[in-house]
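See the structures that follow.
Shared chain: chain A. Partners: chain B in the first complex, chain C in the second.
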Partner chain A sequence: MRLKEEAYRVLESIVGEENISRDPAVLDGYAWQFGCELYGPEDGAYAEKAFAPSAYLEETGDEASLASPRGSRFGFRPVAVVLPADTAEVQAIVKACNRYGIKFKAHSTGWGPWSGCGTAGMVQMDLRRMNRILEINEEDMYAVIEPYVVWSTLQAETMKRGLNCVTIGAGGNCSALASITSFNGIGYNNYSMGLNERNVLGVEWVLPDGEVLRLGSLGSGAGWFSGDGPGPSLRGVMRGEYGAAGGLGVFTRIAAKLYQWGGPTEMPVENIDPAATLLKEFPENCALYYPFFETAEDRDRALWMLGENEVGYSASFMGRGLLAWGLGGSNREASDTVESVAQTFPRYAFILVLVCNSAREFAYQQKVVERILEETGGQNFALIEVPEVRSMVALLLFKGGNKVNIVFQRSGAFFDPGLFTGSRRTFTAAEKLSIDVINKYIEKGLVVDDYGEGSWGSLFDYGHLTACENETMYKSTDPAACGAVIELLEDLDGQMTEHLFRLGHILHQQLTDGPRGKCGHDTMGPLCDGYQVWQRRIKRAFDPNTAADPTMYILPEET
Partner chain B sequence: MSLRDYEFEMDFCSRCSHCKWIPLLFIKSHRYANVCPAIERFNFHAYSGSGRVIAAHSVHEGRSEITDELLDVIYRCQLDGACNVMCHLSNEILEPLQIIRELRTLAVERGMLLPEHTMIIDSMRKEDNVLGEKKADRGKWAEGLDVKDINSGEAEVFYHAGCRYSYNQDLRGIARTGISLLRGAGVDVGIAGGEEACCGGRAFDIGYRGEMEKYADDFANRLRSSGASTLVTSCSDCYSAFKHLYPMIGKKLDVEIVHITEYLDRLIKEGRIALCKEVPLRVTYHDPCHLGRLGEEYTPWSGEWKTVHGGVIVSDPPKPVHKGLGGVYDPPRDVLKAIPGLQLLEMERNREFSWCCGAGGGVLEAYEDFAAWTAMERIEEARSTGAEALVTACPWCERNFKDAVAANGHGITVYDVVELVQEAAG
Partner chain C sequence: MSVKEDLGRMAGAENVSDDPMTLEEYSRDFSFAPPHMPACVVKPRDAGEVQGIVKLANELKLPLIPVSSGAPHLRGDTVPAMGGVVVDLSLLDRIIKVDRPDRVAMIEPGVRYARLQEELREHGLRLPMPLSPRSSKSVVGSCLEREPHIIPKYHLDVSEPLLCTEVVFGSGDLFHTGEAAGPGSIEEQWEVGRRQKSPMGFQTDIYRVLQGSQGTMGIVTWATLRCEVLPAVEKPFLVPSQRIDNLLDLAYRLVRLRLGDELFILDNHALASLVGDTPQEIERLSDDLPRWMLFFNLAGYEIFPQERVDYQEKDISDIAKVLGLAINPEAVSGLGAQRLLDITRKPCEDPYWKLRYRGGCQELFFISSLADIPGHIGTFRECAARARFTAPAGTYVQPINQGHGYHVEFQLPYDPASRGEKERAREVYLSAADALMNRGAFFSRPYDLLAEKMLNRDGQSMAALKKVKGIFDPNHVMNPGKLCF
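Take a look at the complex of A and B:
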């Protein structure tokens, strides 16, 4: 597939010669994404067949435009990549794509199959040049950022000012803007700061037809401080629970909420090797707990009580499978840990960090925690006293962490088929269901054996909601393992939905079905009040030409 | 080795982009969070460690060809090894730097050459140096030093100056000072003088692997006949070639390999060099890539990957993972700290995740503007510490920084560690 010269030159005139490419190897840098190994030509029709062909695309018969077979991470190759510098350039690109009937897909840090193009023949917009922290407003507690600003740098800058931001479990290497406008994920400090999706304030949004829409207080010229007004509040349309994953245009600037931070302005560490990184000094008026319990019910009761008392900065639970695979530097060391001690790890545990503003507050919070643990039978997990483990866990909770070493290093890939968000009451049952289903696939030897206990998750807003990802690692280069993961995704999605634990695993339905020309929403939607009807109407209203890549959001026509 | 040998490894990039940043827990600011000059300057993912691996994979699978544009991508990279370190912190399988090198070798094999690089190779073949200078002038830097000639006698320590210190008029004094300090401390040192040749490291970096093999053999013979038990060099590029690249091609040198800063540190701590004179200066130290993360000793590995526990990949026997932890970081700092009156300030990006000076990997020769841009980024970072001087321990870094300062008029002075030792020693 090739973009005709006229269209290419127009895009070039917008961003300049240095900021556009159609070199095949450069384009493959965008085609390659983890997760793309899950599907391939053998999985059926490609979504491109559902779209009207553009007169500005030439068919070259080049197989490299299409996704590679299962087990390979080369997904769909874009016809060009452009690097816009600002909102005006993004808008001009979007308008050009509409004019030429070309679809576009924007990404920020661009990690995961939802970042790449969902079919052949698209223009990829890499927002890397939009990398500025435009403002940190200490008084009104927000930061105005562009798409390429990552959580780690935003957090470093805000902590210097006695403020802090939400993070995401995927790591500080992820775009803050994309995380809170376009995707769904869990952060370690969601406990005290709410879900990422609730942390977006004013938004500047280039719609799929090229119009610029400003949401919240920004829309009425009142600044960035509010997401819902004065001014238009379209948060539900803009992102809903999962985000549109690029299917509704491009977010060019947003304000992210900031929070008061009682911890230090910096947390000096030593040794870059993650298995040996040590906090030089544990911060004052802060504490780390790793209690374990006899039963899941006791664990949950303790967590809910902590939330009700609003103590703690971060509270997360971590399955012993994930913990065991996360310890040790090399894969061999981790294997040894799993073989020798993992089954002695407590099954029902959580990790908690306190960050307090004063010695007095610290003493109070400690008392509350100790009282709750006493009432629920919580005991200290001795492993946390090992300095390297203590630092690793504390930094994971303080600073958002980096899960890459755990979930990618071991086998090359992971997916979280057991992802669910729900009320407190559903949490324990949903976790158990995911463990049971995942174990069926472990027994077949096609996914990594973590006892099905690769879960981790958090409470939101001190326990109003909970979310859990039960990660499953698999060998990314093994087509049989990739096939098993798809089967597992569909199996668990179906069961989760049947039990009404959540609205099914929509994003992953989209991930596996979208590139195959199917639409997961048409399977899940009828079970969930027919939401897909409204989602499709939104897509059509905002994107009359289907210019924004629909494959990870919703296909314009029912399949 | 070729890309074929890395077919398994190339599949294990998740595109996480950790190769673009310093370790996340070490980030202190948005401004200085980036670690790779190429992606920072040119932005397309292909300019990152991950993107280069993907490009190599694409070329290897026949999905794409080495075009003129890709050639720019391949060579607009200092091969500073930062991506390799960052990747290896959470990935023991992928070998970004090795794969990037293999892609360069493939480009050369396919006749996709940069003219500036062919000039380097011509110069090496004709004159045994990378700078286009005359072989006959190689030994001039040591004129009048009255130091032992190891071509005609033996010495305990073999001092190798390297191309840059041998030929560059501004920098020669540093090599001469190094020799004077060693001799003043009673070290039995000899040099090859006019017979010294290039280490070959630059040729290896730009894809001409065979050239370095030739120099490695020649160097090993000369070293053996010198009877030296210790090899000392002031050039970080050469240090890395001896310590890291030679073992990579199976030509490990059978002597102790020491950078001049390590040797001076040893002499100072043993009391053989006394630093008595105050040097009232606020300085910051720039870790040369080739002394730091690329100065780590290379340990070859030959084994196989096995799958256990339903998908976990383990190496058998255990594979050494090069994370840059074994580089030379403390000795130059200890030397500076031993100088009375001198205040050492740290930049945000240091040690294993230091920002490159911009000169390496053939960039200075082929993409001068990119080399200068990279240097200016570092100079700005140095100035942000409040330092009056930028100190380093590599002639390539010094040359590039001095030229960037001269061109842009920034008020910071560039020193070699050796120069400050000399000043403090009186």
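Take a look at the complex of A and C:
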């Protein structure tokens, strides 16, 4: 599959020859994404619909090699990758793709199978040259950023000004703009700063037809401080709990909301190994608690008492399995931890961080926490008193990212089948259901044994909502293991739906249904008021040529 | 069969009216929107009837004007631009559910603030409320209008406190937004413990499209709202100043640090209108009160409530001292802090506070960055002076979205019986809107005459909105003539 010369030269004229490539080795770099091994068909055969037809694409006889069988990390190879420098170049690329009937998919930092092209024959737009923090406005508390600004950079700059952002669990190396506009990602600090779905003000957005839409105050030239109106808010088209994953165009600049950070402007550390990075000094007016409880009910009661009394900077939880794997600097250490002590870890626990703005506030919050733990029988998990552990965990939670290597180091791959959002009454029940289902697959020996407790998550907005992911680790090169994870995804999604819990990860459905030529929304939609009808109409209205990769958003025709 | 008979068959003949006196009430309001008589008014009793009415409107290409609040209306959004049928939702007035553990309420659009707050109080909850809404104001209507409430720390997003909705789109389709869509019916969701808390759809947030649409996308038949815990201890404060800049500085710091609950700034005219009962008293208070007043209220919740109030008071005192301000828990110029808190706690008694001084009032509101607020106020005053508008115009500044923006509102009182006063108010309204737009004021909720002005500044948003309108209301039956539709 190759892009015809005429189309390639037009794209080249937009970005310059040094910013476009069709070298297969380069292209494969974009096709390689964790999780791709899951969604290829078992037999490696591809339906015709796996290719995006265009008069400007020509077959080269190697189409079969584009097939990504189950167990291969290579997803679809794009026909070209282009690296625009600014919004005008993005717009020109999108217009060219519309003219030539070629689909495009934007890529910022990339994280998972939804980052690559959804079919063969697409142009991948790599936004890494657009990597500037354009403004940090302390008065209105936002930062104007481009797509390749990562959370850790943004956070380092904002903390210098006493502000912070919600770094997501995928880590500080991920694009902040992508999380806020196009995807999702939960983070420990959702507790006090909310989900990033709501952490956006003005947005600059190149629509799938190449027109530039500026949301809110930006559209009328008033600045970045508002993202809604005039009239109805087009943020409702831009995204839901998840973004459109590239299916509605390219976001080129946004104003990301920032929040007060009461901690130090810098946090010097020792060591760079994530397993051994230690704070040189524990910050003033900050504290870390790791209480555990006799029952899930006590844990939940304590969590929601904290929320209702608006105490804490982050309140999150981590399953014993994930915690055990995370404590090891190497596989051997982690294995030893899992086998020797993990089951002695408390089952019902959470981690609470206080970051206060004054000594008085700190004293008050500590007093409230102690009262709540007293009332709910919370006891201190001794492990957190080990200075190295305490320092490492505190740093992790202050920053709010994750020690992402945890989920890759054991077997090379992970997925999050048990992801759900909910509220107070469904939180524990849904988590338990996910553990039960995952354990069935652990017993079969097809996924890594973490007791089914690879879960982690956070409360949002002082406990108004919760989100939980239950990670499952598996061997990515083993088609049987990959098949088991797909089966687990379907099994758990089915059971969640049967129990009427709210699925947190609609893209799972896309992944499992996609290889069968079916759109996941056509499976979920009939169970949820037929929402897919409206989403599909939005896709058609805003992308009449289906130029933006629809595979992780919605296919334009019902399947 | 006539439209009236069709509607009577659906909603009951007693709930349909074409009485000229009744129609006259719906044909105009206090705004400058040109009056138009509707053909009739229908009051549906449930979502099924609403759906039937919308389907009929699609068959007959009949304009529908949804109205959830009672009179007096101030913004022109419920004045029929092209005739049609007013769909008055006042009979849909059930408080369907209040849930203390999940801090949520589900209500129909006919529910007013006073009844809801009373019910919530019994459950130990409260709903953050706009500044002294009129007694007839629909709670759902206010949320759909994105009216800001007065507790900035709970204004997590401009959409707050709206969560899920049940809506009949202009197409006639019934839909549930956010997690209410499923799986399972609402009753089945309740059975497993779900309370329609998450407003988010999977990859769309349709509730955001309904908000700010002035009834042009569909009719909401219930909504869930995010509620908060009722404080156990409270202590309100007044901070007077002759300048607004230092009060803005204090407000910024308090909101950023999440110190305090209710917080807003009023000038002497707006504050006098809010607390005064008669024009004479308002005039006297206007003269007596300091030029600007910041109000904030400290609250403690269930655990160590007094300690919470105490530490916040000390921290705020320190901040205020640096800014050269004094925080006052008692009274300023005869106005007690507790009295103002009491006023903000419940809807306004009739007459509505914005109408008390001259009987009529035109609001002019927008969103601003912090730094631009003093300049916007100056621009407004220049426009008022140029138009020889002599009545005291009030100013209200409300931090929104947890300090990521500020609602700024000017109130132009006028005597509706005086053609001259009304004309001068209109002139200020339009000229100030232009001048403010030119200097960066963002009219995110543009009503009547301002909609065209605002949307013409942003052609791409207008084009995108028209696409959205085509999806949810393909026959343009919902409130035609509003916004850009």
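One rule holds in what follows: the second predicted complex is superposed on the first by the 533 of 559 C-alpha atoms of A that agree within 3 Å, B and C clash if a C-alpha of one lies under 4 Å from a C-alpha of the other, contacts with A are read in each partner's own complex, and residues count from 1 in each chain.
Please note the rule applied: a residue touches a chain if its C-beta (ideal position, glycine included) is under 8 Å from a C-beta of that chain, and two chains touch if they have at least 3 such contacts.
Worth saying up front: this structure is predicted, and the values here are computed from it rather than measured.
Once both complexes are superposed on chain A, the partners chain B and chain C fit side by side without clashing. Contacts of A:Ala334 after superposition: chain B is touched, whereas chain C is not reached. In the superposed model, A:Lys280 makes contact with neither chain B nor chain C. Contacts of A:Arg9 after superposition on the shared chain: neither chain B nor chain C is touched.
Number of chain A residues touched is higher for C, counting chain B against chain C.
When the two structures are aligned on the shared chain, A:Lys432 is found in touch with neither chain B nor chain C.
Of the two partner chains placed by the overlay, only chain B lies in contact with A:Ile442; chain C stays clear of it.
Taking every C-alpha atom of chain B against every C-alpha atom of chain C, the smallest gap after superposition is 23 Å.
Contact residues of chain A toward chain B in the complex are 18-19, 21, 23-26, 28-30, 32-34, 64, 72-74, 81, 83, 109-111, 126, 128-129, 133, 149-150, 152-154, 156-157, 171-173, 266-267, 269, 272-274, 277, 325, 330-332, 334-335, 338, 395, 399, 402, 404-405, 408-413, 442, 445-449, 473-478, 481.
Residues 8, 11-18, 20-21, 23-30, 33, 42-46, 50-51, 54-55, 57-59, 61, 63-67, 69-70, 73, 85, 89-93, 307-315, 318, 321, 323, 325, 351-353 of chain B are the ones that touch chain A when the two sit in their complex. Those residues of chain C lying in contact with chain A across their complex are 101-103, 146, 156-159, 175-176, 179, 181-184, 188-189, 191-195, 197-198, 200-214, 216-217, 226, 229, 252, 256-258, 301-304, 307-308, 311-312, 314-315, 367-371, 401-405, 437, 440-446, 451, 454-455, 457-458, 460-461, 463-465, 467-468, 470-472, 483-484.
Note for the complex: chain A touches chain C at residues 137, 139-142, 194, 197-198, 201, 207, 211-217, 219-223, 225-245, 247, 257, 259-260, 304-305, 308-310, 357-358, 360-361, 363-364, 367-368, 371-372, 421-426, 429, 461, 464-465, 497, 499-502, 506, 521, 524, 527-531, 534-535, 537-538, 541-542, 553-554.
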